[in-house]
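Scrolling down, you'll hit the structures one after another.
Two complexes follow with chain A in common, the first pairing it with chain B and the second with chain C.
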Partner chain A sequence: MKTDIKSTLENYIFVLPAVVIFSVFYIIPFIAVFMLGFYEWDGILALKDAMFIGLANFKEIFFQDPSWWQAMWNATYITLIALTLQNIVAFLLAWACDREIRCKNFYRVVFFIPPVLSEMVVGMAWRFIINDVDGANLVNRMLISIGLPQLVHSWLSDPKTALTTVAVVHCWKGFGWGFLIFLAGLQTIPRELYEAARVDGANAWHSFKNITIPMMLPVIVLVAILTVLGTMQAFVLIIGLVGGELAGHTSVPVLRILASMRGSSRFGYACAQGISFGMVLVIISFIQYRFSKHTRQA
Partner chain B sequence: MFVNRILCILLLIFNMFGCAPREETGKVTLTLWHWMTDREQAFSELAKRYEEKTGVKVNFELFAPSDAYTQKVRAAAQGTNLPDIFGILGEKRDFGSFIKAGHILDLTPYMEEGEGTWKNKFFAKALAVNEFSPENSYGVKPGIYGAPIDIMTIQMLYNKNLLKQLGLDPRKPPLTFQELLDIGKKVKEAKIQGLVSGWGELWMIDCLANNYAFNIMGKDKVLATIRGEVAYTDPDWIKVLTLFKQMQDSGILATGVVTMVNKTAEQLFANDKAVFAFNGSWCVNVYRGMNPNLDYAVMLPPQASDEHLMSIWGGAGSSFMVNARSKNKEEAVKFLEWLTDRDQQAYLAEATQNLPANKDCLGKISEVLAHFASGMDIATHPSVWGVSEFPVVIETWNKGIQAIIIKDKSPEQVAAETQKVKERELAKRKK
Partner chain C sequence: MKTGAYYKIKKIAINTLIHLFLISVAITCLYPLLWMISSSLKTQETIFRDISLFPHQFHFENYVLAWQEGGFGRNFLNSIIYTTSVVVGIVIVSSLAAYAFSRLTFPGRNVLFIMFMAAMMIPIPGSFVALYLLLNKLHLRNTPVGYILCMINVGLSTSIFLLKTFFDKMPKELEDAARIDGCSKLGIWRHVALPLAKPVLAVVVVFNALNVWNEYVLALIIFDSRNFMPLQVALQTFQGEFITRYPLLMAGLTITALPIIIVYLLMQKYIVKGVTQGAVVG
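Here is the complex of A and B:
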């Protein structure tokens, strides 16, 4: 009995540093942010002088702040493009690299370069490529040189194309992660399954549809969750590309939270926005998880 | 086992005392936080001179960019571990909050000592930015809470060579708004960029819009609007917004100006790619670094109306405050007095090409800087108005102007949207 208590205590002592670090750097700040969401506070006055306003911040977010909902829609739009375009490209490239092709290691390295670059660097580089004034404007020049001058456009400063341009650059920046995870997933599929299918007369499309896709479903769901979480929170790339929110056309939730904190000195409101946004992400992830579980069972 | 225990104890002792601060030797060391990358070298030189003179060491600690600096100062304020001297970036409301939280020392007694010797060194408008009047709306005890180290004005600049290239006289820049619009057509035909500015950062849009608001309706009406007595849907405000539409339609605005950060605008102007720039006096140093042969001059934003005088933003460029909780506050005040003295100000002006806050040093500045300085007579700044607009209203207004430039909204729509946000904020304040 005595030995049991001693052993339990020892175990607790071993995990204590991790618990303390987790509490200090995660749990306490989370609780603080949650509480601040109910206060009007400018981030300068002492916390004891902050004014308790109940649910007023949340009420404002949900019913009186159209710029927040525009930012949410913009983030959703970029996410939808990332979920489709980015992940399809990543999957197809991973599938190609999983086969016996020449220089496949070279391609693996090349495809993984964009994700390891800083978002700001990517934003500035693409700004140089597609912007209208300060850069070489390579895209427009290319369009002219291939005989499509009618497509020349102010890609980043036209409200009709700015968000889509941001989304496309985001996909270019992000597809490498999906590529890497998809490739790892594809390599875990037993080759015997393909060989058996081939013996049974299955062509490439049948193998892809009946072996690759079902076997890859958990990986696809994982990549989808990571894409949603990563894309909804993207903002540095937008600063690098557009310099800001372009009259709201490229605003995203994190930029709105920053605007509340820095521009308006409304830390309480920014915390409430952060909580609301976090809850949305949790709900989306939960739905995706349930969906994947349901699909796997089916 | 015994050896292990001894080793553990020794390690513990080593850790405890190894991290302890070194014994003070009685020598005062002042710590100063700032964000001014371009002045780092000059500050180091001044710190060296001050230490030689007084034995007091001053550590200038740079935290850039300015956004990161702002967050650092706010975090330090929460932890009450601000340095002896620091600067504040932000609106007057934020400045007031720092004072109310007890972070900033009231410099009034020091400024007024000896019949105001220190106070009288400064341009009145530079000091006004750091001053809270008895009737201020921030609930701050009246007084002077900061020492300006330089001043600035934000005006328009024109490239003499490009103006000549357009067939215009470089000695006669546009004086009226219509003249500016007329140049827009020529700019379009010549396929060069017209006016560049960091309008992707929003606050510079606000600055030019305010200039024209003062010009069209006068200071009283602008302040009445901020107090909520005049609506943003008033025809005069719509006139202000329409100016931006006219600028866009005329072709005077550079392509992509709404996504342009000021650094890009500075590069374009410095490299002879844009005819006009809207920028602050700090640009002189920036342009010198980018293109020492740039041939340019300063002008006021062309008048849109004869009803009222054109006004520009200006006043204290950067200021330093003394931490009210610092144990070295007396030494900190003495250092600021020395830093704002004529010789040090002249050195800073020469080394960094910024306008000195000390009015005795203006004789030693370049021609372009002197033009910027001459604008101080008509300079104003939201910090000296005594009332502040709600930040969300300013944001809606500035984004609205961006929307007008990209032809997304009409001036009337922007005015109505701004007024709606204003009414919402006023209603909240009443509650």
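Here is the complex of A and C:
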């Protein structure tokens, strides 16, 4: 009996470091975010003097904070472009690589280089390529050299084009993820299905539409979920691209949270924004999860 | 009736089109990076005039300037220290826990494991606000230890998941043999389980190393002094100071990006494995 207890205690030692770190750096902050969301607090006063204001923060987010909704819309816009442009390119590339072709490995290695780079590096490098020093940066000079000088533009400074430019750079950085997952999915489709279809007289389009797409549906939904969750929360890339002068037309929710905390020192409000945004993300992934279950049964 | 030659030509045409598509995307991936590296070797005068990818003269002194004048050497060292400490920490802490979740029994085992897994699924976008306050309270803000502990926590759940999945499939015979030979539980973890888990540990190491090296927001809010900052945050200060000195800035970006590209090229087998496995997690 005594050895039993000793043995159990020994087993606890294995999980102890993980549980301690997790409790201090995940559970406590998690609870703190939920509590602080109901307070007005500048982070300077002692926490016990912070003012409890109930749901006022949430009311303000929903009804009195147009910059928050602008940021939500911006993130949604970038996400919609990533869902379509980025994932369609990723799928086509994976489909093109899923056959006996030369240099397959080279392509696979190259397509995943942008995803391993940091958002900061990608943002700052693209800023140099696309925006700095009008007329002399790489993109604008290319436009001039192919005879389209009328398109020369400060892509990131002009509020009309800034958000789309951010979205395109985001897709450049992100399509490699989708590509790898799609390729892994395509490789699990048995070749015999394609053979059988060809024997039955199906052309390439028919096999694509009737074999590839239905077999890939779970993978497509999975990539869609990952794209939405990843893109909605992306923000470092935007700091790298537009730098310090963060303007409203390229702001996203996480940047608003950061601004509430560092700019206006409203810690409670920042937490309330975090809760609202977290809820939105959980709801989105839940809907997509239900949807994917549904399609898998069908 | 179409002849064999027709199909052959058609096949060649399709293959050419596919290669054109793939090559054009590959160039789109590589050109901006080559342009960044090439710009880092030009001078302030030639950077906007010399549009060739291979400048006439290589100005490697930009790197020396960024390293010394820009103080990048210090930040590079910081990034190396943070990345190594966090990865070592995660490997030890998560493999201990994963081994226990897979092989040892104790009350509350499943509840604890589910807790770790739930953390992987639930996003808390505002968590850095609370972490900032917490570290302030613990007097760990603006210290490397505070940052390292936070980052160990960030990688914990996924690493435990990957390792537990592996341990679950590992045959028990070797451990039984070690136990009969009088090996303690900790000894079995260290001398039997860990060596067998090398392939998964490689995935854990590579992914967490990428993650820590590229991390930005926690480093931004935790560190005030330039001396502690890792590269990703220092880049911004650097940009502020050298706003018009583009070759230096490009050298700074290259210094930050190159280690990760090299690690990726060497370990890409494990990265592909991790992405496809990690996708199953989500």
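In this section, the second predicted complex is superposed on the first by the 265 of 298 C-alpha atoms of A that agree within 3 Å, B and C clash if a C-alpha of one lies under 4 Å from a C-alpha of the other, contacts with A are read in each partner's own complex, and residues count from 1 in each chain.
Simple rule for what comes next: contacts are C-beta pairs under 8 Å (C-beta built on N, C-alpha and C of every residue); 3 or more make two chains touch, one makes a residue touch a chain.
Keep in mind the model is a prediction, meaning the values are calculated, not measured.
On the superposed chain A, the positions of chain B and chain C overlap enough to count as a clash. By the document's definition of touching, neither partner reaches A:Trp69: not chain B, not chain C. By the touch criterion defined above, A:Phe208 lies against neither chain B nor chain C after alignment on the C-alpha atoms of chain A. Shared-chain residue A:Gly43: touches chain B and chain C both.
Of the two partner chains, chain B and chain C are each touched by A:Gly243. In the superposition on chain A, the chain among chain B and chain C reaching more residues of chain A is C. With both structures placed on the common chain, the touch criterion links A:Pro114 to chain C but leaves chain B unconnected.
In the superposed model, A:Leu281 makes contact with chain C only, not with chain B. In the superposition on chain A, no contact is made by A:Tyr194 with either chain B or chain C. Using the contact criterion defined above for the overlaid structures, shared-chain residue A:Asn131 touches chain B, although it does not reach chain C. Of the two partner chains placed by superposition, A:Tyr77 touches none, neither chain B nor chain C. Chain C is struck by only one stretch of chain B after the chain A overlay, and of the options 76-84, 166-174, 310-318 or 328-336 that stretch is 76-84. According to the touch criterion, the shared surface of chain A, contacted by chain B in one complex and chain C in the other, consists of residues 43, 132-133, 243-244, 262. Taken in their complex, chain B has these residues touching chain A: 67, 70-71, 74, 77-78, 90-91, 93-94, 97-98, 100-101, 103, 193, 196, 200-202, 254-261, 264, 267-268, 391-392, 395, 399-400, 402-403, 406, 408-409, 424.
Of all residues in chain A, those touching chain C in their complex are 8, 10-12, 14-15, 17-19, 21-22, 24-26, 28-30, 32-33, 36, 43, 89, 92-93, 96-97, 99, 101-103, 106-114, 116-121, 124-126, 128-129, 132-133, 136-138, 141, 172, 176-177, 180-181, 184, 222-223, 225-226, 229, 233, 235-236, 239, 243-244, 253-254, 257-258, 261-262, 267, 270-271, 273-275, 277-278, 281-282, 285.
Every residue of chain A that touches chain B in the complex is listed here, in rising order: 42-47, 49, 64, 131-134, 154, 156-159, 162, 242-249, 259, 262-266. Those residues of chain C whose C-beta lies close enough to touch chain A in the complex are 15, 18-19, 21-22, 25-26, 28-30, 32-33, 35-36, 39, 48, 51, 92-94, 96-97, 99-101, 104-107, 112, 115-116, 119, 121-134, 149-150, 152-153, 156-157, 160, 185, 189, 210, 213-214, 216-217, 221, 232, 235-236, 239-240, 246, 249-250, 253, 256-257, 260-261, 264-265, 268, 271-272, 275-276, 279, 282.
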